[in-house]
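Following this message is one structure expressed as structure tokens.
A, B and C label the chains in the order they appear, each numbered from 1.
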């Protein structure tokens, strides 16, 4: 029975990882920017929720009204003023990746540095809706279920937008071929900026949801950036359903691995799965080529 | 050590699909040693893909490539180069921040008969003279005109000491006098013992240089034979949609 | 003057004189000056080793801190069982092997996978070693008991920095150097020219990693104790990156030039404002990428060329 509980927790965790990865997928798949500072926005969402409940005693969900717009705006500015000059001068995607990686690595240091200065490196956590619920025979905390529900809702909305709106069609066109998309009249820069900003907002939203049941600190951003990167690579860039599935796979493997081997080795388990994928199917689990 | 009957390269039932699109469908042809062989067809017919399959830039779904009796499928690009197959690219690729000489030296240093840098530099200078780039060995490649970049790309390919040279639209974009010089150069290279397969749209060059031509359309081989016969084949003309080039 | 520098023999003589002078510094200065120089040599060796692979091939490695930390850790563990020189050798070998595994997994694929992997490597090794220490050894920190003098450490690191620069320069003269640069400029062309790009990348990456591990091991001799958090600090990856890019990756001596201002700056700031230091670094770094893409060497060489050969430049303009 314990194994089943571990498994369910893995799925819930995986749903979170899928959500986190969806944001990165928007940034890398549409805007073609590999953002190594991504996890820092996750952390910002977590800290905003933390202060909302601990300092002002409000429901942490309300923090989204603050963290989402800020994350959106900051990411939009980053794209407009830092990324576009790089895109203009790069001869191809590989050269762009190299420049982008360097700049976002620098941003990662800036943001993490700011977080350490203002919020210190202490581990933070809070209790919110931690009452256990019986779910299919397993005992799960309400906050985990809520987080998973939140992830499903957000992912579902994203899916609907991508499939059934003009905006979504434009985003998908840009993901497949930005040059061709431009040629059919899509304002690639504007939509890419939008996607990049939305990705950042998704990171903050995930941070808020995860903060309800996992402790965090100013330095845990890296681990989540890594998880998002691994999931995106596993799923193949640009697929929503694939990203969720890959996220759940990561979550389940991590939960089971943590239970069977050791919970302190999460990153090692993530990397183990990552290496396996690199060796077997580097183009992604769900790509057809 | 050819395959016996003077055939240097033998492409058999080569097939490559990308998702649902079959780019190359069961293409077969033999390239005789010491000749210039043409590969023509409308854009998108799979010609460059065939070249990419031969040089292992892509791996085929099925089929084989026999060079000098040896199977090339399954090898990597650098091994194909060392086996003495060289190529130029449809969109010229030079190393932009290296000098002209260094670009050509690369082929010498790592090709089929690896040479130390000093000797490679001397050989590179000789090759540059041959392609008409004498005295410009110290210029940085990014500063050259497109045509000059094509020349050093050819020199680099020659530097690897190939038995088979694959040219991908190397004569494209040349004015009439440059074209004549280019055709002469290719003829000279062949006379020097190098077998050539050329993808071309410039029919004048095809007629002037090739003994034998294969025509591809939509991934398939639709005709093979001497240039004159092939170019007046109605199916070939239909594939080109009655292009004036074919009738000229 | 620069013309003279191009003359290898002159440069060699200059290097030899500078080396001898630097080697004599410890006998005439305070412990503080020595420690600044030690940090400088370490950064020079690390940045040059980084540039040797990543600067040439453009496969950006963010894992300098991982190999540096591995070196520290191997020394901390090994020096208890074997002599210091052997422990140093062990550090270099283990750094090499870990890089080999990373390289073989990722360098056959596009650069993105390599970058992502190296980005997480420091955290990975940190977490694994932490777990191993807690679970298996029931300890968190390790003490380092050696009687290696500061002067010996100084001279060793000076030697390491010199060897790395000279080695880098030498490789640029031989075929391997051309192979590395070709991979960086156009890997498809490199492959078609007969270069076994995977083998070149993996081996050079592993070599640079083993140098980084060695530097970490030597520096570890100065710490009274280490634990995983001390050993594995991403700031090293970042500093080395800045030094190499600031100095310029096109020449063997480029990263060394970039390391000098960086170490001086870090001496002034890092002690008093550690977190502000990384923010300042991060911002400097963003500036470098935008305004000095070739680093100082490109700037220096460009100024030299435009002063020296204005007529030729005009002729080449199309």
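One rule holds in what follows: a residue touches a chain if its C-beta (ideal position, glycine included) is under 8 Å from a C-beta of that chain, and two chains touch if they have at least 3 such contacts.
What you are looking at is a predicted structure, and each value in this text was computed from that prediction instead of being measured.
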| item | value |
| --- | --- |
| Central chain of the complex, centres being mean CA coordinates | C |
| Interface with more contacting C-beta pairs, comparing B-C to A-C | A-C |
| Centre distance in Å when subunit A and subunit B are each reduced to the mean of their C-alpha atoms | 46 |
| Whole-Å separation of chain centres (CA-atom averages), subunit B against subunit C | 42 |
| Computed distance of Cα centres, subunit C from subunit A, in Å | 32 |
| Residues of subunit B defined as touching subunit C within the complex | 55, 57, 76-78, 81-82, 86-87, 89, 93-98, 102, 105-107, 109-112, 114, 116-117, 139, 143, 145, 156, 160 |
| Complex contacts: residues of subunit C adjacent to subunit B | 173-175, 178-179, 181-182, 185-186, 188-197, 316, 318 |
| Partner subunit C, residues of subunit A touching it in the complex | 34, 36, 82, 85-86, 94-95, 97-99, 101-103, 105-110, 112-114, 116-117, 222-223, 225-226, 229-230, 233, 262, 264-268, 270-271, 274-275, 278-279, 282 |
| Parts of subunit C lying in touch with subunit A, wherever the complex brings them together | 58, 60, 62, 105-106, 109-113, 115-117, 119-120, 123-124, 127-128, 130-131, 134-135, 234-235, 238, 241, 245, 275-279, 281-283, 285-286, 289-290 |
